[in-house]
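Several structures are given next for inspection.
Next come two complexes, and both contain chain A; in the first it sits with chain B, in the second with chain C.
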Partner chain A sequence: MELDLFIRYGPSLLSGFAVTILCWIVGSLGGLVLGFVLACLYRFGPAPLKWFIFGYVEVIRGTPFMIQLFILYYGGPSVGILLSPVQAGIISFIVYGSPYFAEIFRSGFNAIPEGQIEAARCVGLSETRIVTRIVLPQMLVPITAPLTNFFIILTKETAILSVVTVPELLYETQTMASETFTFVEPFLVLSIFYWLMVIGTSRLGAIVETRVTRHLRRT
Partner chain B sequence: MNFSFDVIWHNLPYMLAAARWTLLISLGGMAISLALGIFVCASRISKEPIISGLAALYISFFRGVPLLVQLLVFYYMLPYIGLDLPAIAAAVLAVGMCSAAYTAEILRGALQTIPHGQTEAAHALGIPTFSLWKRILVPQAIRIGLPSLVNELILLVKVSSLASVVGIGELTRISQNITGETYRPLEIYVAAAAIYFLINLVVSLLGRLAEHKLKVV
Partner chain C sequence: MAQDQTHEPIIKVRGLSKYFDSFEALRDVSLDINRSEVLCLIGPSGSGKSTLLRCLNFLEAYDGGEVRLEGDLIGWKSTTDNPRKPLKSEALRRQRQNIGMVFQQFNLWPHLTALENVAEALINVKRMSKADAQDKARVALAKVNLSDKERSHPANLSGGQQQRVAIARAIAMEPKVMLFDEPTSALDPELVGEVLGVMKEMASDGMTMVVVTHEMGFAAHVADRVAFLEKGRLVTCVPPQDIFSRTPDDPRVDAFLKTYRERNVV
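Moving on to the complex of A and B:
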């Protein structure tokens, strides 16, 4: 263990960590929002739109992330889409995550008994209020755990962004490793950073879970 | 950029042969993931603090450590304690056990929506715990969690590409090799993506079918 390595490479590792966090948060929150919109359109939209969303979900979910990233970053310029690595990373992250989030939200919608929605319509609640006041609070119970799962999976998928030269954590770590010929130290730091992200996410997930299940708790 | 279908056509037999390994790892992994996932989930919500603590440890370990590291541990470290697994067994076990942690969490989320009154009613009727799980809780949890479970199984198919690090010639590794020989990365990787897509399409269509079958009317 050579600790002075960390003093030399500390700033670049920290900046890599910041880029990772940036791509992860913007990408996954964007994916979450897009996924929710897709799930709502799938449930309430007209039939052709449903088929379009079905196709979108199957194609994006069925192909590897790295290939999507390659197509956007290396194939994009030939159709006039010129993106910086970070932009390409964030956009492809949003696109990649959204179908998974859409499916998770769809399972949440399915978990609400149809009778409740019919009853709400009978007493004259508007469709938006049915979603925000009745469906959403209840569907958060079964989907919080899968959402946490997927946020954790996405933390680790950020490593793939290094193949299009996004200066994120893995990229900086590999640079450090190949410049100093040390392998234990850089990758130890790498795993600690990822572990911090995972622990943080699962703690946050647990907090959200206690919050959304409080009406189920028995005293 | 000229896209040559000849390259794909020439190498397709090799890629399909490699896809068999991908399929084997995914199917084995799925079986382990579902079976073990139910078991871990049941232990996680057990009232016995030791059992639920162990399950929580299992989940946080397998979710927190990258799968690549888990694979290397299974393949290179287990022989030190006398468990010499063949590469394919190590891959199936690692993929399955990692996925089981995610499956357990999905099922736990789904189980929380089942009214507690059902469990109490079952206890009042004297239904043994095993039957309670087998006939009442698990079928409902699977129905509610099905789309998320399909998500997880699809991720499992794609993650099987990591098995190349323990020397299994599955689809991604063989595609890399062919790319190295032909210098046509675009064609080969598009073909590989198409094969993955087909496998995943089957998985998700089966999921949709199961959703229809299990729907309550």
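Moving on to the complex of A and C:
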């Protein structure tokens, strides 16, 4: 192993890591928010909207991320959508993740016993308050694990952004590999970076899970 | 005028009907509930007593007839529209604040402590400050003898304690009427007494109560009137001594009570 390789390529690997983290955080948090909105509209919206959301979920979930990214980045200009690679990457990442998040939230809504919602209606709580005060806090119990899981899956999905030349981790690693004809070292570094993101996410998920299940512990 | 109002029934039910798809859950039920009265609803399972109770606060949207609380039509804008239009959620919420409800399964919010369960609607519906709401919630918890459990979460309370918190949650809102949907049916036998005790106390404090129950002892001793339902119809609504006498007028009531008599409950 040649250590000076890492000194030479360190900055570009680190910048790749930073871009990966940026796309991952903005893209997955955006997807989380969009997914939550979709799940709320699906639950509370009028019937035609439900069908639209159902279709959206089926289409986005039913097609590969790479194809969605290609369509946005290469097909976009023909309908006047001109985006930089990073912009296209983040937007498609948000779109790609949103139906999965929506499904997690949908199952979370379903997990709250109807009786608790009826009890809330009986004391006059508004539907919005019921969601924010009764449903959401409890929903976190069943959805924290699947959310953590999906955030972890998304860490590695960022690698696909390299195909539209987003200068993220895989892109920089491949550049290093092709310029130096080394493979073990760059991909070892790449694995460590992904592993750091995954381990961080799962630790954070565990902390959140402990917090949101506190009330269920018998004392 | 004010005096007239106290003699008027607080709730008037007229020609109430309710369908679940093609199943007729309630048929032409008419009933008055007087102020400070305890009315028990009894009958075989599936007879429509819970459905009737749930129509009173519009948890079930009734299809025909009307429910009025102090003259105010519950749930619908009017009975003459076809199809009927439901009230705006704001208006329905205002009506529901006058009608407390206690459920068979307690339905406490498990992520909140006993005190928070009681204070929640005081803060977010009555718009009280947190401190005032908690003071009021403590008074309500004291009424159900649970002052020492205010910091406990439902998971750490017995069924009887949970049901008493649920009662405190409802009475803290100072409703005009309290609805109880089989409040002791999910409790271990030794915990039934503490809940019924609290309910008796409420009755003697003059609360108007409508109670769906299988506790014939409670119906016999606490109720002012007992309504017997069968197959969605109100068969009779009379003082308890008339229904629990050895020879009720109606053979259907007799058949129903026989199952209790055989176990020496009544």
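Structural remarks
Just so we're on the same page, the second predicted complex is superposed on the first by the 219 of 219 C-alpha atoms of A that agree within 3 Å, B and C clash if a C-alpha of one lies under 4 Å from a C-alpha of the other, contacts with A are read in each partner's own complex, and residues count from 1 in each chain.
Assume a residue touches a chain if its C-beta (ideal position, glycine included) is under 8 Å from a C-beta of that chain, and two chains touch if they have at least 3 such contacts.
The shown structure was predicted, so the numbers you read here are calculated from the model rather than taken from an experiment.
By the touch criterion defined above, A:129 reaches chain C but does not reach chain B.
Shared-chain residue A:104: touches chain B; no touch with chain C. Contacts of A:121 after superposition on the shared chain: chain C is touched, whereas chain B is not.
Legend: residue contacts after superposition of the two complexes on their common chain; A:78 is shown touching chain B, with no touch to chain C.
Of the two partner chains placed around the shared chain by superposition, neither chain B nor chain C is touched by A:52. In the overlay built on the shared chain, the residue A:216 is in contact with chain B and with chain C.
In the superposition on chain A, the chain among chain B and chain C reaching more residues of chain A is B. Touched by chain B in one complex and by chain C in the other are residues 138, 216, 218 of chain A.
Partner chain A is touched in their complex by these residues of chain C: 57, 59, 89, 93-94, 96-97, 99-101, 103, 105, 107-112, 120-121, 124-125, 153, 155-156, 166, 169-170, 173.
The touching residues of chain A, counted against chain C in their complex, run 113, 115-116, 118-127, 129, 133-134, 137-138, 215-219. On the chain B side of its complex with chain A, the touching residues are 1, 60, 63-64, 66, 69, 102, 105-106, 108-110, 112-113, 116, 144-148, 150-152, 154-155, 158, 161, 189-190, 192-193, 196-201, 204, 211. If you check the complex, the residues on chain A that touch chain B are 58-59, 61-65, 67, 70, 78, 100, 103-104, 106-107, 110-111, 138, 141-146, 148-150, 152-153, 156, 191, 194-195, 198-199, 202, 213, 216, 218.
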